[in-house]
Amino acid sequence: MCLAIPMKVLELETPEGGEGLLPPVAVVDADGIRRRVRLDVVDRVPEVGEFVIVHAGFAIHTLAPGEAEANLELLRQMARAVAGEG
Amino acid sequence: MAAGQARTAPARPAAFRDPGLAAAQVAEIRRLARRPLRFMEVCGTHTVSIFRHGLRELLPPEVELISGPGCPVCVTDQADIDALVDLAGRPGVRLATFGDLVRVPGGGGSLAEARARGARVEVVYSPMDALALAEARPHETVVFAGVGFETTAPAVAATVIEADRRGLANFALWSAHKVMPPALRALLADPGLRLDGLLCPGHVSTIVGAGAWRGLAADFGIPCVVAGFEPLDVLEAIRRLVLQAVEGRAEADNAYPRAVTEAGNPRALAVMAKVFVPVAARWRGLGEIPASGLALAPAWRALDAAARFDLDVRPAPDPPGCRCGDVLRGRARPPECPHFGRRCTPARPVGPCMVSSEGACSAWYRFGAEGAR
Amino acid sequence: MKRDTPGRILLDHGSGGLAARELVRGLFLRHLGNPLLDELEDSAVLDLAGGRLAFTTDGYVVDPLFFPGGDIGALAIHGTINDLAMRGAAPAALSAAFVLEEGLETAVLDRVAASMGAAAAAAGVPVVTGDTKVVPRGAADRLFVTTAGVGVVPAGVRLGAACIRPGDRILLSGTIGDHGVTVLTRRAGLALEGDLRSDTRPLHRLAAAVLAAAPGGVHAMRDPTRGGLAETLCELAERAGAAMEIEEAAVPVRPAVRAACELLGLDPLYLANEGKCVVVAEPGAAEAVLAAMRATAEGRGAVAIGRVTEGPPGRVEMRTAVGGRRIVPPLAGDPLPRIC
Amino acid sequence: MKRDTPGRILLDHGSGGLAARELVRGLFLRHLGNPLLDELEDSAVLDLAGGRLAFTTDGYVVDPLFFPGGDIGALAIHGTINDLAMRGAAPAALSAAFVLEEGLETAVLDRVAASMGAAAAAAGVPVVTGDTKVVPRGAADRLFVTTAGVGVVPAGVRLGAACIRPGDRILLSGTIGDHGVTVLTRRAGLALEGDLRSDTRPLHRLAAAVLAAAPGGVHAMRDPTRGGLAETLCELAERAGAAMEIEEAAVPVRPAVRAACELLGLDPLYLANEGKCVVVAEPGAAEAVLAAMRATAEGRGAVAIGRVTEGPPGRVEMRTAVGGRRIVPPLAGDPLPRIC
Amino acid sequence: MAAGQARTAPARPAAFRDPGLAAAQVAEIRRLARRPLRFMEVCGTHTVSIFRHGLRELLPPEVELISGPGCPVCVTDQADIDALVDLAGRPGVRLATFGDLVRVPGGGGSLAEARARGARVEVVYSPMDALALAEARPHETVVFAGVGFETTAPAVAATVIEADRRGLANFALWSAHKVMPPALRALLADPGLRLDGLLCPGHVSTIVGAGAWRGLAADFGIPCVVAGFEPLDVLEAIRRLVLQAVEGRAEADNAYPRAVTEAGNPRALAVMAKVFVPVAARWRGLGEIPASGLALAPAWRALDAAARFDLDVRPAPDPPGCRCGDVLRGRARPPECPHFGRRCTPARPVGPCMVSSEGACSAWYRFGAEGAR
Amino acid sequence: MCLAIPMKVLELETPEGGEGLLPPVAVVDADGIRRRVRLDVVDRVPEVGEFVIVHAGFAIHTLAPGEAEANLELLRQMARAVAGEG
């Protein structure tokens, strides 16, 4: 029950009633697919241009800048290490 | 161009499917795994990823992956399905559900079959879509079928809060939500289970935090690595499990740092805690486990389908011969079930593990090399 | 579980997957079976009036009626032309039978009919006979249309699953999943927007180019509609009594289609296409066929995606992009948006 | 009254009467028109593969699905065979496309398919290609089926409204109204019982006998389905540019059919038939044709009912049984039970 | 064999269509009618019979038949149609109606068009079928559209009594019933009307009795003959009218004795009187006529749709140019209307006289030799 | 609104509740077409074998024995008279 994908924030919508601290909705994009997602339970309100992980129409995590790249770099280092060893 | 930007962005999946990096991972796993090792992928989404990307094929014979109780569809009790079928058939009620649940057999058939008999069942992508449905159909009561683990429960909790804020009297939730840690504890307490490590669920960990598995690793002396869902994520986590195993360590580790922090998502946890209370829950195959389910807290009773409707929910026996329980506990692989591929196929499942595409039996049947078709 | 005799038609029976096959083989063929129908090809080919005639039909019930890239009318023209073309026939004429719901806005029907007229004219295949029924409000969902088509199969052309041989190459005319994901995301409740567009288009010119490029070297053609590429390959493999191997990395999927699939938990291999064609050709003919496909507007993106092998009959395997291997099973049920 | 642009499809548009004609001519022909479709004959006849091919389609949406004397499946086989036969074609093959409502009892589908199989076998015309779609519950009324058919028109045979000439005789193969009144009285709310039975049956053997009896002497054949004998004659007369005269006393109506019509305020001339045939033949050929019709099981009750005249184009007149004269106008709307 | 018995039974229609007897009648009429005579067939069912059997063709040119106000569909006020359309479109309401009414245009279209827009309209043969509908659909209110003259009103009255006996709370009646004698009086009071006799309605007379026309004949000095509906019945009645006219008599006569008695049907009249009370009613073409309509008596208020639903029934103007009123008053023949056969056809009627098959314009258009098509 | 046809009574059904004086329903036939009709408003309860005039599912008149034949005979006499004259 845990299908979630990273999507880029295109827009933050201001709350209808002005209630709460967060704008509740963001428009996000993945390769040209756009959807409005709720921000009710995201750990940190994203800025436009940041990536969020989206599950069931809700953002559940805002990626730290460079976090994904760092994750990938970690894998690349591992690969280089193996290649160096081999 | 948005699409171009997104495609090259580091967070996109393609980067985590690089065959060169995968080959490097695999080579390292092969090098490290000198004795038979048995890991459980706890999460159904991992099960799907492993089959869909053909990862089992890449691993050396020493590394065996077994599927755990992390497919919420598979572990949802028949009684819950029966209750949802009952609700969906009532005049004036419309059931909104994730597509995953539609084909799951209960004692009286699935929701798909109920719909064929005239019940109102609507597939939604988000629980918020169910709210929209309730607003569009003021003369009906829309019941949302709440299934899922910690990843999903906060979204549903937020939806309940929003329904309350909007004063939507015709929306209700049937909560069959479950939480992972108590189930894993119950599973690991089984003396018959032989396991060398747990591939911990990535998006559940986004919410509960990588730290949630520390106690488990310590208490049961089992390596625990949080894994993402892209092929490289899974291979990296397996590599780390192998490494712990051969080095004799049993620690909680995080191989999915871009999505998972040590503490998890406190806002989501708070929303969840505001709406739900832990209750004992029945898991298919594992039986009743204390504090492993989430019921609506008394404050939300007005939105609770279980309180609002007079339902006779009685435990239903598992289908005769179905070894789902053993499969979910890692005691049997799907092909060892006598029904597998014979009476039980994805087109006509006997047990729940054959239903959802992340169900172990379904994944084995559909993607597996052995015994399939 | 009372599942052994379901006793009722489920949506899955129309999905083009296992349930649909079961219905066709277990029920329709039992009552209606004959050598031509039993072939279960896109069209039947009959010897008639001194020539060989391809004959096919399809019902169109798509919801919504209009979607980016097309509508039910264009689809009904293209789909039947394509089923003729896949047997190597030159489409000659179409029929159109409408079932209309009482209360349907005439403007909607007008728009659909106009689209059919335009599609038929563009394809050069006229609608020569038709029928209209109106059912009471609530007895149909706005508009259904069933087209049938006839075409002439040139002498010497023989295409079908039965002609497939191990070693044959599997070619695909372009990206997959476009139609299926476009229609699915237009339904109520998903609220997805994006660069999605049905690929509906006629394939008879592509098919003619394929046949001209390698007379005798083409063994089968199929348009992977319901059930998608996966189901089409599984059916071909099963009926050919052979196995198939394809390369995931070779199968083109537009990024927006892939993203929508990831968001909704769908596999593009199982999504419908309405303007794509799978060609199974002899190894020696494959290059020429590919070149001919690429020379047409509708086959510009043609690629080789795999080959026919001597493996277990009906088994389709795929080398995944990451380097693994997996089975590509037949469709088990209508693809639904999932969150797992 | 806002009636000039009704803007919505009404049940009357499917009735085979004036509203249906308006829809076909005002909408479908505008978008889809071409010389073959414009003929609006029972089948299109195309030159193809060296021979002449008849091609037709009809959708079947009858409610109830089963009725005395037949069911939707038999009807779908017979109706399409008959539309081929009416152009003088030897029916060669049929297609069948099903639209099923989710939840339909499989046993119902089984019964329909079995009936289709039996009807096709009895007629000697196989169903060679098909399609199945399933729509969500409530999006269709149980089961619709659309058949299409192809047949070979023998050299020299040319039938159609355009061939009709003043002086021709009008022949009818038997009683009228049986099908229409049977189906109407089986609907909920009427609660009529009685000796009513649909006449559904294939007419290709009768048609072949007719053509054999008078090569060149037969000008047109029509099966008077929706809209009944009246609408069929009005359409033929209009397209022939001639008038017609019939004798009420000569038109056979079974007593039970007549009684039901009187009870419900219906005119048997406007009720559907599914196993009857109107033949327009040269005066010199009429006797031979009538004898040939009577020699077949399905034409045993054949009679001459009137003739084509030079009167105003499209006008059908009837000498009534009591000795009066009246116009037989085209159907204005779906026949409904009345109490006036 | 029932069918055989019935076929030879004297009451069957075939006997009354004998061309030999008809020819004898016609010969006698021709012999008698030496000057132009103008008779009105009051009843729409006569209009249909005359056209359907081609009787006008048989009559000598001296005998002209004009259609009167006896087609209940034609005289039903637009406001009634509008009310029925309104009711049929309300949530939870299903309208049951005779097929005759379905295509009648109101100010906002017909019931057929309303149904196309989603209203629930059911065609029934008997008002009792509407009761059955109400019983089968307890969650809806079934409203029966009560139109018709004295022939129909007793049946509807009996249905109301039966609904009450069964305690059917979800059945209601919209009464637009009308009675003939006041309308004929109003018509005959029109100094512009030149008539030589009335063909009185056969089945209305079955209920009200042949005696009901005596006053009329006396008061207006007009020959009145009750006629059945078979060709011989109509011809016989015409012969008797011709005879009275040429003999200078003005009496009430009964040419349909097998179905009509002098006193009529007292039980039916009693049932009618129990359920309905006379009220002023608007007739298309004739305007409001005192005591010419039937409303539910106060005791049946619970079953009265007019009382139960809040309807804004306001008089609707007749369609511009439609000469229905003149046609119904015998002032114009349908082909004299500018719309006839042009804008106004049975497939798309402008006025009500074009709708029902017994409407004068429709009958002229469909069966008439002159002016049609 | 006055379409009514004569039908022959095949059967009289006894009332469900036993209320009222009349059996409320008869099964009637015309040339093999059968229907149940209500007798609530008929002028005289018919016997089996008699004819009733049926309108909108209700019998509205029971024909006197020989009444229809008499009516027809009247027409025949008229015809004979005309023939005699002519």
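Read from first to last, the chains carry the letters A, B, C, D, E and F; within each, the first residue is number 1.
By our rule, a contact is a pair of C-beta atoms (placed from the backbone, for glycine too) under 8 Å apart; a residue touches a chain by one contact, two chains touch by 3 or more.
Here the structure is a predicted model, which is why all the values come from computation and not from measurement.
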Fitting chain A to chain F on CA atoms, where both chains share a sequence, rotation angle to nearest 5 degrees: 180
Fraction-based call for chain D against chain C, same above half, different below: same
Chain centre separation (chain A, chain D; CA means) in Å: 64
Rounded Å distance, chain B centre to chain D centre (Cα mean): 58
Centroid spacing, where centroids are CA-atom means, of chain B and chain F in whole angstrom: 74
Multi-partner residues of chain A (at least 2 other chains): 1-3, 5, 29-32, 55-56
Interface hub residues of chain E, defined as touching at least two other chains: 3, 6-7, 13, 44-45, 71-73, 98, 100, 115-117, 125, 129, 148, 152, 232
Junction residues of chain C, two or more chains touched: 6, 8-12, 102-103, 136, 191, 195, 255-256, 259, 262, 265, 338-340
Every chain pair in contact, whichever chains are involved: A-B, A-C, B-C, B-D, C-D, C-E, D-E, D-F, E-F
Chain C contact footprint on chain A (complex, rising order): 1-3, 5, 7, 29-36, 54-56
Complex contacts: residues of chain D adjacent to chain F: 191-196, 255-256, 258-260, 262-263, 265, 338-340
Touching residues (chain side chain D, partner chain C) in the complex: 6-15, 20, 23-24, 27-28, 30-32, 34, 36-37, 43-44, 46, 48-53, 55-61, 63, 92-93, 95-107, 109-110, 113-114, 116-117, 120, 126-136, 138-141, 144, 146, 148, 150, 152
Touch list for chain D against partner chain B, complex: 102-103, 136-137
Chain D residues within the chain E interface of the complex: 1-4, 6, 8-12, 17-19, 22, 189-191, 195, 255-256, 259, 262, 264-265, 267, 312, 314-315, 318-327, 329, 332-333, 336-340
